[in-house]
Structure formats: C-alpha cells, structure tokens
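I have a structure I would like to understand better, so I am pasting it below and will then ask my questions one at a time.
As written, the chain order gives the labels A, B, C and D, with residue 1 at the start of each chain.
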Amino acid sequence: MSVLDPPRRELRRVTHGGRIQGCRVDGDRLILDDGRSIHEVDALYAPPVEPATIVCVHLNYRSRAVEFGLDLAAGHPTYFVKPATAINSHRGQLVRPADCTLLNYEGEIAAVVGRTMRGVRREDVWDHLAGFTCANDVGAHDFRDTDAGSMLRVKGQDGFCPIGPALVSGVDIRRAGLRTYVNGQKVQEAAVSEMVWGIDELLADITRHISLRPGDIVLTGTPWHSRPVFPGDTVEVEVEGIGRLVNHVVEGPAPPPGRGFPATVTKTSLGVALGSDYRALKRDKEPPTAEHYRAARGDLIARNMASGPPSKE
Amino acid sequence: MSVLDPPRRELRRVTHGGRIQGCRVDGDRLILDDGRSIHEVDALYAPPVEPATIVCVHLNYRSRAVEFGLDLAAGHPTYFVKPATAINSHRGQLVRPADCTLLNYEGEIAAVVGRTMRGVRREDVWDHLAGFTCANDVGAHDFRDTDAGSMLRVKGQDGFCPIGPALVSGVDIRRAGLRTYVNGQKVQEAAVSEMVWGIDELLADITRHISLRPGDIVLTGTPWHSRPVFPGDTVEVEVEGIGRLVNHVVEGPAPPPGRGFPATVTKTSLGVALGSDYRALKRDKEPPTAEHYRAARGDLIARNMASGPPSKE
Amino acid sequence: MSVLDPPRRELRRVTHGGRIQGCRVDGDRLILDDGRSIHEVDALYAPPVEPATIVCVHLNYRSRAVEFGLDLAAGHPTYFVKPATAINSHRGQLVRPADCTLLNYEGEIAAVVGRTMRGVRREDVWDHLAGFTCANDVGAHDFRDTDAGSMLRVKGQDGFCPIGPALVSGVDIRRAGLRTYVNGQKVQEAAVSEMVWGIDELLADITRHISLRPGDIVLTGTPWHSRPVFPGDTVEVEVEGIGRLVNHVVEGPAPPPGRGFPATVTKTSLGVALGSDYRALKRDKEPPTAEHYRAARGDLIARNMASGPPSKE
Amino acid sequence: MSVLDPPRRELRRVTHGGRIQGCRVDGDRLILDDGRSIHEVDALYAPPVEPATIVCVHLNYRSRAVEFGLDLAAGHPTYFVKPATAINSHRGQLVRPADCTLLNYEGEIAAVVGRTMRGVRREDVWDHLAGFTCANDVGAHDFRDTDAGSMLRVKGQDGFCPIGPALVSGVDIRRAGLRTYVNGQKVQEAAVSEMVWGIDELLADITRHISLRPGDIVLTGTPWHSRPVFPGDTVEVEVEGIGRLVNHVVEGPAPPPGRGFPATVTKTSLGVALGSDYRALKRDKEPPTAEHYRAARGDLIARNMASGPPSKE
C-alpha cells in the first residue's frame, strides 16, 4: 500500500460551470467526473488538494547549502508554516505587489498526507502518504528583514503556494528529478537523491511534534538557483512522473499608505534573492537591484546552468 | 457593529454526550443548546472556535522587550504561524514530552476574526472581529535552536495553543488587563495599553499580505515573565471582561529513538526560557537548569512580581 | 444587530488567478480583496458562502399550494436536505443529464446563518442570521418517483443549488419581492409576505431539532409556476434588495448503462413538473411531454403570468 | 487496493486532555497518537470520521420489507440525507426530547468514502472506500407525519447518527453479519448478504447523481425489528469484523412552548415505530402506546427473535 508502488494514479480538479470537480486526462482532453469533457488547454484548474496545514523545510538540497556557504552535515532540518490561504492553482497568477521587486521562485516537491500522521516511524511514512504534487514555494524577499525567520510575510502571502496540476501516487519519488523553468529556460535542476533529509525522514521528524491530517502537505525544499521573476514571466516546476506546474507572474497594487509595514530591500534580502549572482552583479552596481538582475539574467542563467552551484572554496 | 461595543456576549462550547455543542452560563451551571444543563465545574470544554489559521506576534509588550534588552521603538512587528492542530481547550492538558524541560507559558489575548479580512484599514478592524478569548502561547524552548525563528517545533506542537473558555464580544479590549497565574500565584500582569502595536494595527498589518477568515485567530503577544512550568502545575490566563483559561501540565512520553531530531538545551534556549532569572540563577549554577529554576521559583516569582521588569541599563 | 437593519452590506466571492477571493462592486467593476479590479461581466463567481447544511422547505407560498390544490392552513412546514455538493455559483451551469427532460427552476430566497443556532426563539432569529442570497432549488423531476419524498435524486444532484451573486445583510427581507425569469421572460413573482411560514418561523422550527452553523443556509420555498427549462435557457432569480442570480442550462451525458437506476417519467412526475399546465397540455397529448410544454411555453407563460395561480374551486 | 482485502486496519479517535486525537487498541488500553496510553473503558470517543454528507437508504433488507408488507423485487433504492450535525460518538448519548415517545434504533453498516466518487462503476466502488463502521440510524417517529418522506425531523436531529467505535478496512464486509442489542438482549440480526442492493450497488447508484467526498458516509439500511428504546436503555450495534457501537438513551427537555411545531403520534407513526408488534399490542389497547410496548417488550423481543420476520401472506 506504499505510495511509491505502481500503478500510477492521478487526481486533478477543475472549476467548470460554477463548481469544482474531479477529472482525468484523456489525450488532450479532460473527462470531468460528471461525464462531460473539455479541452485540457482551456481548463481552469483548482488545487488538487486543499491542505489545512502546509509545512515547508527551510533548506534541504546540498546545492542550495553550497550556494549560501552553509554546512548541513551535522545539522537538522528546520521548518516554517504557510497559512492555507497561500494555496494557488496550476495556471494561477503569482501576484507581485507594486512595492516589491524580489519575488523569487523555488521549485519543490510537495508530499501529500493520506492518513493522519503522528509519531510515524520513518519506514511507515510511505504508507501514510496519498501522493505527490509539484509546488512553488514563492517568496517576496522584500520582507526578508521583517520576518524574524518565520517567512510569514515573505512566503505566507495569499497565493504564494501554487500546487498541481495533479496529485499523483504510484511513482517512486526517490528516483525522480526536479526542474524549474522561467519563460522556457531551465533555471533549476536536481535529483531527489540530492536531498539532505529524505522525504520519509522529514515526515517522521515533523510528526514527532505535530499531527498531519489527510490533505496536509509538506514542501520538501528547493535546490540552488532560486531567483527573482517579474510580471509577464511564466514559471514552471516539473517533477518527473508527477507533472508540470505552470504559473504566471502579474503585478498587483501596492497597499494604500499606512496599511501595514512597508516592504524594504536590504543587502541581506538582496543576497538571499539573488544568491550567488549577487557577487557578480555588484561588481557593476552597488548595491545591485532586481532590475539589474533582470537585464542580465539571460546570460547569468545560461552560465549558472552550465557551471552548477559555486563551490564555497 | 464594532466588537468593542456592548452588550457583552459569550460563546462557549462543550463536549457532552458524544457531541460538541454550544452553551451559556447560568450561575454555576451551563445551559446546553439542546436545553439540558450541567454543572459548570464538570464541563468538558471544546475550543470556542476552530481556527484554520493561527498567527502569533513574536514580541509586542514593552516589558518583554525590556526583559530581553530589545528596542522596539523604530521597528515593526514580526509574526509566526501555529498549525491548527495546536488548538487546545479550557481545562485541557499541556503535554511536556519526557525529553523536554523548558515548557513555558505565555499569557495572551487572542483576537478572533468574524468576517473575511484582507487589506482592511486599521479603523475598520473592530468591525471585522467576532470577539476575543484568552490564549496561552505555549512553547517548548528545548527546540529553540532547531527552529530558525519559525517557532514550529517550539510552539507549533499539538495542543500548544489552548484558547477559551469563551469567545466574547462587546468588551472594550483596549482597556482590559491581562494576568497569568501558576498554581494560583500571579506570574504575569499587563494592560493592553502597554502593547507596542495595538490589536487593530496588528490585524491591518497582517491582512495587508494574508486573508484571514471567520474563526481565524491572532495571538497578540505576551508581557514579560514567561517562565517554565512543570508536570503537575496549573496555568491560568485571565483577561479582564473576557474570562480565565485554565490548563494543566502533564508529562508525555519521549519519542522512540530515531523518531525525529532530539530536543537540546543550550545557553540560548535557557536564556529565553528563564528570561531575566537566568542571570540570577547562574550565580549559583553554570549553566542553570529548569530544575534549578523550579526549586527557586517561589521566591523568584514573588520578587519579580514586586519589582517589575528589570531596566536594561 | 438584526440582519434586517441598515446599512446594506454585500459579500461577493470570485475565482480569479487561481484563487477564490472576496470582492466589492464599484460601478461596472469588482474590486478584489487584494486590491486589483476586474470587469464585473468577466467575473467568474464562486458561491458567496459554503454551507455544510442546506435545508429546504417543501412548500411555503400560498400560490404554489393553490396550484397543486393543497390546503396549508392547519399544517406545518416540512423540509428536506440537499448535500453540500449541490452548491453552485452565479453564472454557473445547470447540467441536465441527457436522459432527463423535466429539469425545473424554483426561484427562492436563501437565509444564511451567521451564528450557531439551536433552540432559537422566533424573535431572536434575525439576530443570528448573516444575511440573504438568491437561490434556485433546481430539480430533475424525472426522478420524482424514485425519491420517496426526500428529493435526493430530484434536487440533491451536483450543482442543483446555485446561490448568489452576493450575501446581503441590512435589508428588510420581509418587505422584499421575488421574481424568476427564463430567457428574459418573467415566470414567477411573489412577495415574501405571501409565505405561509415566515423566515423567522422556519428557522425557529428547524433549530428546535437541528443545530445550524455559520454559513449554513435555509431555502425558504418557491411560489407557483415552477416549470421545466431546457439546454440553452438562461434562468434568473431576482430578490429585491438582494440581487439577481443567473444560471445557464446545458446538457450533460447520460450515465453509462448499468450505472445506477434510470430516470423515469410518470404522470405524477409530469404533473409536478408541469403544474397547472399539465391539464391544458393533455387536452392535445396524452400524456404531454416536456417537449410539448417547450413548444407551447411562450403562450402558456404569458397567459399564466397574466392570470395568476388557478383557483382550486 | 480494495477495502475488502486484508490486512485489517483500524482508526479510532478519542477526546483526551482537551483535544481529539487518533489512537490504536493494545489489549485493554488505547495507545494515543502522542504516545500516551489510557484504559479503553475510560476513553471518551470521538466519531472516527467527520462526514460532510450522510446518505441513508430508506429500505434495503428483505426482512424489513417483509415486516411492512412491501415488495422490493422490481424496485429501486430510495435515499434521504442526515445533516452532519447528526453525527454522534461511540458511548455518546441519544437524547429523547421529553415530548417524544417513539425513539427507535436501527442498527446499520456505514460505508466510508476514501476517494472522491462520482460516476463510479459498481466494480470500482471497493477501491474508493476507506472502510466501514457501525452506525445507528436513530429516529424519533413522533415526527413521522411532519416530514413528508425526507426524515429530517425524524432522523436528522442532533446526535441521531452515532458511528464507531472505529473505521475499519481490510474486512470482507459482504460476508459480515449485523446484530443489535438493547440492554444486552439481541433485537436485530441479519447477514449483509440479505441486503436487496449490495453496498457497491448503492454507492454506484448514489454517485450517478452526487459526488461523495473523503469521509462522507452511506448508511446501508437496517433489517427488521427496529423498535422504540427508552431513557436508561443501552443500545449496541455490532458488525462482525468491524466493531460494536454502544450508546445510551437519556431524556432531554421538551422545547419551550411555541418553539417549532409539536411532536404528534398517529397510527401511522405508531405503525412504523412498533412494526409487526403494533398488531399484537392493539389487541389489548387501541391505540397502543410506546409505554405499552415498553411493558411488554421483553416477551415480544424474545418471541420475535425466535420467530423471525412475519410472512406477509
């Protein structure tokens, strides 16, 4: 009954005719649960599950640790929580408020809980999961310095957790690879085997303290090369055997004056948002801005994807 | 329609005869919604609301800033999230795992959302709230160093957010006072007016980014003198006009070996858990432990409650 | 704090950019909770509330009693329940399965619960409601004879309870009027004052037995002249001061052979679906079908709207 | 992945220390999900699942059809819905309002949905279920004549759907037997094979029209010999391989005058509540009351259990 064992199975959900309903893929069409069919390209997706709790690991791929010069060897995973209102859909919009510039993608795999989990042994985790889906742990690093580590302003905003297109079981996720694309250009690539803590290890660790319930999800970390995206961009997160999650960046209004504390950009937030490109960019500009990154990103991405994460020397 | 305006109104919920139902107080009895009545002292309380999202402010009372030598004057509030599984009831148990020693109380006021809030102006906040209840932002500081600021291990554990006994509206919370008691001895006392950021300011700030929905709650911070409690202790959080939340500390088992990363106690976690008593205690013991604190706490509490928070000089 | 007292207030919800969010009307645009605005005519509505329990009264307007020759004077209201999966949206589709012909509209007012109700006195009902919305108690009378009174097959099907466009409070619903339109032609008209049992009376009666919770709805009955509609038709339910709910009838596939018990049309189901027109139609055809009604309905509707409900003589 | 295939698995939930949590049986103790253990006899059970939709079949065992002289051979199943507020727990109370006398038990098997079901083929049903639990389709037949077939007043009252003690999978329910006991005396007995429509057939039929979602339940009918129970009685529903659900009948207050329409007892309601005993009892009393039944029930039950359902001749 392990979630890793075949056959592969999918659950998709779409909003159609005023209601959310399940559906299945049939060629280039979706067969809705009520028997009707629609063109897949026209589908208005809903999230495949509606989690109450969303737990995210701060850091779990070696390449991201390398990029930031961190040593995870002797450590432990740390987590934060996104509110359920962060959930978004395949083809949904990522809204960058007008007073923000550092909206970063983070391609991730989400593990979806199938049966209530508390105190679950590592070897029993696979039997408690319902499946996996693609996720984007979107963050507005403009709020990096006003979050004290919890990531609530940065990553908890409405719509900052798109998942989809499908909940998939029957795939050995341990052998899968993850890739992220911006406007068709590959920007992240990693194998699940590069995770510092395996998905089973994360779930056993979290549920030592916290009950996870059916539909809850755990985002399992992003590899190196999270970078800002901009209104007009398309971001895609692909997980082998699971699917490809597509989202579009749009601009939203800044909040009216005096409505909450303002976004601020500091060297720290720039350093996190731009990663190892911060050093390269600041040769020209001090400090570099998101717009400097945007102007140079075609070349930077190409070079980075060719070289891999910088060694910390 | 402001939540601050009279008349005062209460909503309580109890588990009785296999079901959760509403009730109202009538002398020393509760009149259940189905017309039956029970002795209040025998009631098995359920949480007055079932929030999907629980947002907590890290630091909001001047006295706590003073205790830790922090300057909030020019700053902004920071927040973290507890999962919904942290909710606990009036008279519920606070379970301290056997491998933990630093389980701290933090008496707080919880604001309960009545209507969906996003982008709400400060002056409109009172009109969107359903009421207030007492809360205890319980934390196991043994995990302080493995949380990277998110407080998920420390404060997100199952049952670490007792609320109750009632959801109350029609009280001007801005004029209320907050007190916490351990085994009948007063351990925290503050006026809501001592908050750095008012409840309306917090809600306007959070909902700049995040939609809060009916039943969601915001914990608004604790004053100075959060300290460890121990199995056998009773903790009470009293808010004037709102009620008095009672909880009992019990010991739970440690997790089986290899089930997640272990609790650890460091100077940092001891410093947070013991607050300004850390300095006093380490004159005798280096480092002091929770048990040292326990042995001395009667005198420490009496002295602290008499003196107020230490000036930081 | 009565739901009847001004000021008038609206809550609308739309699916936009992958998420459901609240919004408010501003001229011909909707201002979304995140500050963006869209053309109202392009909006993809979500239901204004998501009830767990939907209670419907079988019969509550004198004119419908007259149409069916029933005497309600000495009686009591009777109710049935739709599952929550019946909820549909403003502008959503009403799907008529290919093996059905008798899909009827029933324009109604839905009362929306604001605070948990059990054992509520009639005079306290208005203080427990959140507001009102338009509803269509859609039914496929092809299943009339296979329901034994519960209406589950007839009226409980997915999407057979559209509500919207808004949840509205601050309107004295007791003075409102209800109208239904098919393809722009008025087909039902009644004043709320024609209800046999007032909305407060219904709610006090139901909650004698059953707890209603925030967001739950009660559909309060339809006046005379419920009739079949057909794929391609547009049905609108308008409640004065509350709004106008628009839905489109489309055809869905019949279930595959052997998947459940078949739709059947009998004199009884035809008699209910065609109401007082049954007698007129059967002069020509015995028995008349939905298609006979469709061919004649322009004239029948015009005559019926002019004459009012037949006296039972 | 069929719910019928071993190994057998249980999910139980209890309210303990202010929270609902999962647990498993270990001898005469329950091991809670947080690692603590309690005596099973002291456990305060919560329902094993929290359904949004509860569908019940009116009539599905041949013996009950025989008792009421009904012919199901050429027919179809009919259903009604209980609101979610009817759910009650193992060891919960069945509250008989003081103005009611005809509170009947109906021992049943509840099928619990595991994956969203719509348009599911009969042969795929077992793969969509999460398991089974015992249920009691409690009804107050005093409202029989004021329900018009929907059973909402009769069977939809708060707490009139106890389920438990456990959700069980891995048992071939088609080979199970069902028994009901009142105060230890057996009052109903049937094999699942006596159902007119199999569980798979019911689910395929219902989901032709209606989406069922994870946690939703279908009550699959009761065999003959549903009878009234009285305050002080204990009712037990046992399903082989699934468990034994225990509930206690208590008296609740009548509603205050003028709060809803009154309970009434008629020959029809007596006939349904007393079943084939109605004829026997009315030899002495015309009409017989619930109290007449109560006085005679020891003998009546013994005789009925020995004879089986009366032939209708």
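Criterion: a residue touches a chain if its C-beta (ideal position, glycine included) is under 8 Å from a C-beta of that chain, and two chains touch if they have at least 3 such contacts.
Values in this document were obtained by computation on a predicted structure and should not be read as measured data.
Engineer: Specify, for the interface formed by the sequence copies subunit B and subunit D, whether it is same or different in terms of residue numbers shared by both sides, with half as the dividing line.
Structural biologist: Copies use mostly the same positions to touch.
Engineer: More C-beta contacts across C-D or across A-D?
Structural biologist: If we tally the contacting C-beta pairs, C-D comes out ahead.
Engineer: Comparing centres built from CA atoms, which chain ends up most distant from subunit C?
Structural biologist: Between subunit C and every other chain, the largest centroid distance is to B.
Engineer: Please compute the C-alpha centroid of subunit B, do the same for subunit D, then give the distance between them in whole Å.
Structural biologist: Taking the average C-alpha coordinate of subunit B and of subunit D, the gap between them is 42 Å.
Engineer: Find the geometric centre of each of subunit C and subunit D from their Cα atoms only, then give the gap between the two centres in Å, rounded to an integer.
Structural biologist: Going by mean C-alpha positions, subunit C sits 31 Å from subunit D.
Engineer: Could you grab the centroid distance between subunit A and subunit D? Build each centroid from C-alpha atoms only and quote it in angstrom.
Structural biologist: 45
Engineer: For subunit C, what residues touch not just one other chain but two or more?
Structural biologist: 21, 34-35, 118-119, 158, 211, 255
Engineer: If each protein chain is taken as a node and each touching pair as an edge, is the resulting graph a line, ring, star, complete or other?
Structural biologist: Shape of the chain contacts: complete, all pairs touching.
Engineer: Help me check something: in the complex, which residues belonging to subunit A touch subunit D?
Structural biologist: Subunit A residues touching subunit D: 1, 11, 21-22, 33-35, 115-116, 118-119, 211, 214.
Engineer: Quick check on the complex: what are the subunit B residues that touch subunit D?
Structural biologist: On the subunit B side, the touching residues are 15-19, 21, 34-36, 44-45, 87-93, 95, 158-159, 162, 247, 250, 252-253, 255.
Engineer: Provide the residue numbers of subunit B that touch subunit A in the complex, in ascending order.
Structural biologist: So the residues of subunit B touching subunit A come out as 52-53, 55, 58, 76-86, 118-119, 121-122, 143, 146-153, 156-158, 204-213, 255-256, 258-261.
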